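Got a structure here, written out as structure tokens. Questions coming.
The letters A, B and C name the chains in turn, as written, and every chain counts its residues from 1.
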Amino acid sequence: MALLELTHLQKQYANLGVVRDLNLEVAEGEVLCLLGPSGCGKTTTLRMVAGFLQPDGGDIRMDGKSLLRLPPERRPTGMVFQRYTLWPHMSVWHNVAFGLGLRRRPRAEIEQRVKDVLELVGLPEMARRYPAQLSGGQQQRIALARALVLEPRLLLLDEPFANLDAQLRERMRDELLSLQRRVGITMIFVTHDQAEALVLAHRIAVMREGNLEQIAAPDEIYNRPATRFVAAFVGTMNLLEGKVSAGQVIAGPFRFPVPSGLKDGETVTLAIRPEDLAFASGGFPVRTVQVANLGHYRRATLQTSEGGELLAFTGGEIPSEGLVQASRVLVYGASGKLAGVLEPQALAQVKP
Amino acid sequence: MQPVRRLEAVWFMRVPQMRRALLWILVLALGFFLLMPLLTLVLWAFADVWRYPSLLPQMYSLKWWNWVFHNGNLGKSALWSFTTAPVVVLLAWVICLPAAYAFSRLNFPGKRFFFVALLAADSFPRFGIYISVATLFFQWGLIGNYWGVVLVQLINVIVTMTWIPTAGFDGVPRELEEAARDSGANPLQVFWRVTLPLALPSILVASILAFLSAFDEAQGTLVVGAPDITTLPVLMYSLVANYPEPVGAVFSILLSIPNLLLLIFARRILLSGYLAAGFGVR
Amino acid sequence: MKNSWREALIGLCLAALPVAAMFVLVVLPAFEGLRFSLGYVPGDNPAYSTGSHLVTSSTPTLEVYRTLLSSPFVQADLRLTLTVTLFTVLLILLVGYSLALLVRFGPGRLGAAVRSLYLIPMFVPVVIAAYAFITLYGSRGWLDALLHHVGIGYRSPIYGIPGIVMGLVWSHLPFATLLLGSGLDALPEEQVEAARDSGAGFLSILWRIILPLNLTPTMIVAAFSGISVLGSYTVPALLGPNAPQMVGVAMEQYFGAYRQPQGAVALAMITFALAAAIGALYVWGISRTRRHG
């Protein structure tokens, strides 16, 4: 049985985004990332699980029992916030020991557990400091320790690294990953940073305007985005508007076979990852507009014969003019749903 | 480039030394304006003979201190002052702090209206109020009465004690309260252990201002408290009018001591922006 | 929905406390006073009913106001009050800004010196301040003596308009400087630097960048000190002329010396109307800047 189940969860009026009929499950030990642009309802969802918001409809169950009637302090969840995470008037030690003190644990046990958890987050020597004396990264680690020390069944993280600079954010992400894999705690992690989601999550739930667009493993999200929105939101993607006409999908210079289920005349969107575009002996003519060297690969901005622009990531040669070929194309119908994936065999059938 | 040349009219502003000198002259003038009246007062307090046009007293003595201390009214007035002002602050806490919390954290109809209505009532000219209040108090038997004086002094502190702490509560991030809920604290524990400690500086600022205002209040106290209750400022009025300069000077210094102690203690928190936040700056 | 009802109820109950206190201690007496000034003389109120020159009427009448406003003395009092209020507010802004700017942009030692100076008047009771002003600026006071030695003639500002204005500026400075200073602190350093970068001198930075960005605190200071000066009593009573007087002093005289409580109360109503006008101006200004900001 899943540890946490959200069924038909709804919240109509929320300044951080509405939630419409959300259904999802989180398994024991799993890391689920809620990913989406701001206002998509991901934070609203997290706050309903924590108990800071009361849903308008639906249920939140943990181990099969509803949490709805429990106030935040009685829910077995621990939360790490984006900003203002630590109480500035208490030392690190008191911040971490706060919850244990409320639970009236014996002094010796509190001492031991605070010591252990500070070691776990790698800051055992900071106990006597005050939050103002810590760096942003250290504050977030202490906030994590404060949540972990109470041994919650479920850890909720609301963009905990959003206020840190890029380098530190990456390091914190890796630390959190290794910590989670060691401790095995279940986590729901809210972020708008897809790299964070792709690295941390066992599964990613992509949300948009209160709806769940797709929930799947990171690989699946990246390789087979279920909707046009996910395709555009996760990773870099070339999107081309096109049309089904006379047994072909026509988009810019491209001509592709029609996947099943698309009607003649229907507008479609083609999505091609930049790494799936390569110069070849055959294909469509393009002109190279700009090349940026990104270390282990290069990014080429290409112009098609019809004026559209395409991005290609490649390690190989980039001529100033040439023919490119797509090795993998995703086709989205008018509804925005994935209609089909064109693999090399299918693509080979068509000539420009 | 044309508009920039206009500034050259003040040619000496372009010379750094001149600019510095001008700045210092300005500061000294302000310093004179702010401090000099008080310094003359201090000199007067220790003067025995000081005849015009001498810049310093011709003879010094402590005889007026002696006189003031042996004036029976001083002790009595001090007692009245120190029993009314702190009670005014306490009463203001009870009345205003829960409201400040409500204005900051709770949603209720008419919130904005009540908040501004307090200010509107506060801008009514004091003396007009004191006259009318006195007639009401007369009907309620509060004239010449301790509680009448406390209530009349309370009028001046309600807005301060509501507005500034409201900004203080506003300044406590919700995340900090939610983190405490999340750690297992119930709403009451959250208030006592997180919200209140973090809003405390603003409450202190409001309390200091309230104390000063109650302690210095003379007009209303005179109207409502007379003839039995004379606080120190009320006594000051009659001393200024009826005795030689040194008496008023000695008395002024005595009356300033508690305030100056408060100033030394409170300077830092007063400067930390809570007062301004209370009046909606930022 | 049940929760929000409970919240609204608790909120109303808590907020009602100071509002009720203000109602009983200010609004109710003010309303009583208004009725009295319109001719309803309560018989059970000796402070009102024993006054001289009483206008008694069973229907509201503006007789008291008519008599009052047609008196050349009261007219002079009102003119003086408005003049003093205008000059005092302007000077408070000028000096307050100078101090706040010194604290914010002055060289380190200077800023620190000013910072420890300007709070002092807040902690000195007004009576004492007024008294100190007399010993310093009064005729045959310290300044008089100093100028006598230098050989410059001196006319004391005390017991004239300048005396009132100086005393009022002095006592209102801490509040003004604190508020203006907080506004300046909130001003982003980058915007001033950007202006400096594009070659603007100090005066144009002040006029074109700092003042417009600091408009809200400026209006707060102007409105609050304006209202406070309008109804002030202690400073004008001790430092002002015998006639004409500020309305605050006139009220006291009508009530005490002339034994005309009705006139005193009517003067209070007139002052309140003026204060309300300032308040309305302030609310209008704030809502305008909020919309544009």
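Keep in mind that, in the parts below, a residue touches a chain if its C-beta (ideal position, glycine included) is under 8 Å from a C-beta of that chain, and two chains touch if they have at least 3 such contacts.
All values derive from a computational prediction rather than experimental measurement.
Path length between chain A and chain C in the touching-chain graph (shortest route): 2.
Chain centres here are means of the Cα atoms, and by that rule the chain farthest away from chain B is A. The chain pair with more C-beta contacts between its two chains, of A-B and B-C, is B-C. Look at where the CA atoms of chain A average out and do the same for chain B: the two points lie 55 Å apart.
Here the CA centre of chain B is 15 Å from the CA centre of chain C.
Contact residues on chain B toward chain C in their complex (touch as defined above): 3-4, 7, 23-24, 26-27, 30-31, 33-38, 40-41, 43-44, 52-55, 94-96, 98-99, 101-103, 106-111, 114, 116-129, 131-136, 138-139, 151-152, 154-155, 158, 161-162, 212, 215-216, 218-219, 233, 236-237, 240, 245, 248-249, 252, 255-256, 259-260, 262-263, 267, 270-271, 273, 275-277, 279-282. Residues 173, 175-176, 178-186, 189, 193-194, 197-198 of chain B are the ones that touch chain A when the two sit in their complex. On the side of chain C, the complex with chain B involves touching residues 4, 7-12, 14-19, 21-23, 25-30, 32-33, 36, 42, 44-48, 95, 98-99, 102, 106, 110, 113-129, 131-133, 135-137, 140-142, 144-146, 148-149, 170, 173, 175, 178-179, 181-183, 185-186, 199, 201, 203-204, 216-217, 220, 224, 227, 230-231, 233-234, 238, 247-248, 251-252, 255, 261, 264-265, 267-269, 271-272, 275-276, 278-279, 283, 286. Interface residues of chain A, counted against chain B in their complex, comprise 50-52, 71-74, 77-79, 81-89, 98-99, 102-103, 143, 146-147, 150.
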